[in-house]
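Each chain carries a letter (A, B and C) given by its place in the written order, and its residues are counted from 1.
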Amino acid sequence: MSVEGAVRSAKGPDGQGWALEVCDLTYRYPGGRLALDRVSFSVGAEECVGLLGPNGAGKSTLLLHLNGLLPEHFPKEPNIRVAGDPLTPKTLDAARQRVGLLFQDPDDQLISATVFEDVAFGPRQFGVEGGILRSLVSHCLGQVGLAGFEEREPHRLSHGEKRRVCLAGVLACKPSVLVLDEPTSDLDPRGRREFKTLLQSLPGAKIIATHDLELVVDLCSRVLILDEGKLVAEGAATTLLSNEELMLAHGLEKPHSLLHRHPHGRET
Amino acid sequence: MHTPELNPCPRPTALHRASPRLKLAVAFVFIGITVLMPRRPDPAYLAPAAVLLLLWPLCRMPLAYALRRLLMAELFILGVALLSLLTPAARPIFLSALIKSNLCVLTMLLLTWTTPFQEILQVLRRLRLPSVMLATLALMTRYVPVLAEESRRMQRARASRTFSPRRRLAWSTLAGVIGQLFIRSADRAERIYLAMCARGWK
Amino acid sequence: MHLPDGFLDAKTALLSTGAAAAGVGIALRQVRSSLPPRRLPMLGLAAAFVFAAQMLNFPVAGGTSGHLVGGVLTAVLLGPSAAVLVITCVLIVQCLMFADGGLTTLGANVFNMAIVSGCGGYFVFRFTQWLMRGQGTRATVFAAAFAGWFSTVLASISCAGQLALSKTVPWSIAFPAMANVHMLIGVGEGLATGLIVLAVLRSRPQLVAGAVPQAQESGLGFVSYGLLVSVGLVVFVAPFACPWPDGLEAVTKSLGFSERTVHPLLNAPLPDYRLPFIGSATVATVVAGLIGTVLAFVAAYVLARALVPALKTPKPK
């Protein structure tokens, strides 16, 4: 359960290449404080990985690196590979299309006047227009369960609906990796359940940074624990989550659904 | 002041469905003609008045809404017009300004009632308004309700800890809320930039 | 101070629209060249902020309340060019969404509130900061408060000039009325501006463009703005701003105004603002304005001193 070595096998867990590889990622805030300290991990093409850690651990900062929004100045040796291709200023556009990032506050991502315009924003940047765009938008809205919402205005939507519109907007870019920052925060229990079901239906690799431990139990096969910028643990979800000592040591806790379950017992 | 309700039209009529470019052009020409009319009360004023009164029921603008808005405009109109009352020779100018002004406000009310601002933005885009301003207008209309809600929440939080309604305290409290609102807006703008870049914006 | 339709004649409306377009053009060019793309969403959010801030009511005497206009505040927080664009957008939305302010007078309103009040206010702010020899918190708050008051009055004078040039209201009535009323209103605006700038400085000083020593905008931009504001004021105000009663009479005769005599005792809505031994209301208002300026200057200084304690030396550990 300690930090894995930086050497990784070339193939992912299911025999295909890794969807995302992070190697020795270090980042300092402009003030000098260390935000990420030699973080290394990989995510397989159909894996769902949970990213846990106390507040201030650097989860959001790490997520911003995954599609090149950080760092402000790229190092000569790229730390991140998307589907095998290194993330450099030249490959930024391709990386941003392949790695879809869902932000924590949907109001930060929903910038357009109508749902249609917002979902169309991403594909438009990549040159999609006309009839193809319209069918893509309605397909993505259907995927998130908001068919027919094209002409609705963002400020009239519920919080859960806004979240789903943001997800549709990210899906419209056809990413191969979905990165989600606290996707179920501020959702009521029904919204949470619906969103979880939605996420389960989506293909591709997923990285979910969250405090919602039950979501991790239900969706994630693997878990990464970040604390003070360091990756302190990595392993199978139920194994790590059942380790009460480890969880408490890093500002987390054992999820309720595992309280009475043996870590090597029945899997969900 | 203005409510954060940015689109007050609930039931579309034929006028609602008319081309926004046409409506804006007609409003502009109409106001231009009204303003250029003679500077003393003239029977010619009846023409625009009649047109407006004919159009009003067609777009089903509620009387209460129109009166409320007209009242807000009256404050300035009367204020300035009254100044010209102080010299007897200027009385016709006062009356003419009063009537013309109200006719123009009514025209604008009909326009804004039947034309959602998003459609007006489309017209402005076709008129080649600079992209910086179009983007600013679009973001502005999207985020005014968000910021209004934030400021309401902050005010409620502050009010729940305020026990004496002294004016001096109210001013510094309100200034604090507005200052915080600006800081949050600046932070949100940063996050919006990141979210736009994440979806490929350059 | 939103001028409705019907108060300006064609030539004044065209002149002020031209001036406004020139100012906005300068602002656009400055923003395109000096604003990093990262800051572009800030313009939209700042416009939303100004709009939302105008919805909040400041209690004034006797159950009435006023609200912030925010021209100088925007300029102090964002710099003059961004402020011009932001205020113009706010005015466009107010006109085309709420029918607040006329369509034909949009240009005049943009000139008065975005360029004279916003941009001109920024120059007053910077000048006052320079007078205070520093950009510390106290100097910034003081300069913002004074600039808030001064630019409100300045914008009202520009408005009065436009009304007079259109022959809607004679200058001898418009100027005293507008200037005096706005000397009062300006107190609230200046106070609110100072307090809000202080609140932002306390948490996030780097957000206040006016407090950051910078030369982001090109000198040419400043010169262009200065020229524009000066030319505008000259066109709208100078024909009337003759300090000598005889000169004023001569000017009004040559420009062919219909009204003639002025009864000082009737005109100024606030007799306290006039000095009884001076005849013409215009001169009285100018004198009152000068006195008001000094008073506002002192008041802003006292306010800043009261709000911002002198820098304390750090306690030794």
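A few notes on this one:
Methods note: a residue touches a chain if its C-beta (ideal position, glycine included) is under 8 Å from a C-beta of that chain, and two chains touch if they have at least 3 such contacts.
Fair warning: this is a prediction, and the values are worked out from it, not measured in the lab.
In terms of the distance between Cα centroids, chain A is separated most widely from C. Looking at contacts between chains, the pair that accounts for the most C-beta pairs is B-C. Closest to the protein's overall CA centre, chain by chain, comes B.
Taking each chain's centre as the average of its CA atoms, chain A and chain B sit 42 Å apart. Centroid to centroid, with C-alpha atoms defining each point, chain B and chain C lie 21 Å apart.
Mean C-alpha position of chain A lies 48 Å from that of chain C.
Looking at chain B, residues 138-139, 141-142, 146, 188, 192, 196, 202 sit in touch with two or more other chains. Across the assembly, chain C contributes 41 as residues in contact with two or more other chains.
With touch defined as above, residues shared between interfaces to two or more other chains in chain A number as follows: 111. Of all residues in chain C, those touching chain B in their complex are 1-10, 13, 28, 31-32, 37-49, 51-59, 67-68, 77, 85-86, 88-90, 92-100, 102-104, 163, 167-170, 173-174, 177, 191-192, 195-200, 202-204, 207, 258-259, 266-267. The part of chain B that touches chain A in the complex is made up of residues 7, 118, 121, 138-139, 141-142, 145-146, 188, 191-192, 194-202. Across the complex, chain C is touched by residues 1-2, 4, 6, 27-28, 31-32, 34-36, 69, 72-73, 76-77, 80, 83-84, 86-87, 89-90, 93, 96-97, 100-101, 103-105, 108-109, 111-112, 117, 120, 130, 132-133, 135-144, 146-148, 150-151, 155, 167, 170-172, 174-183, 185-186, 188-190, 192-193, 196, 202 of chain B. Chain A meets chain B in the complex at residues 64, 67, 69, 93, 96-97, 100-101, 103, 105, 107-114, 121-122, 125-126, 153-155, 169-170, 173.
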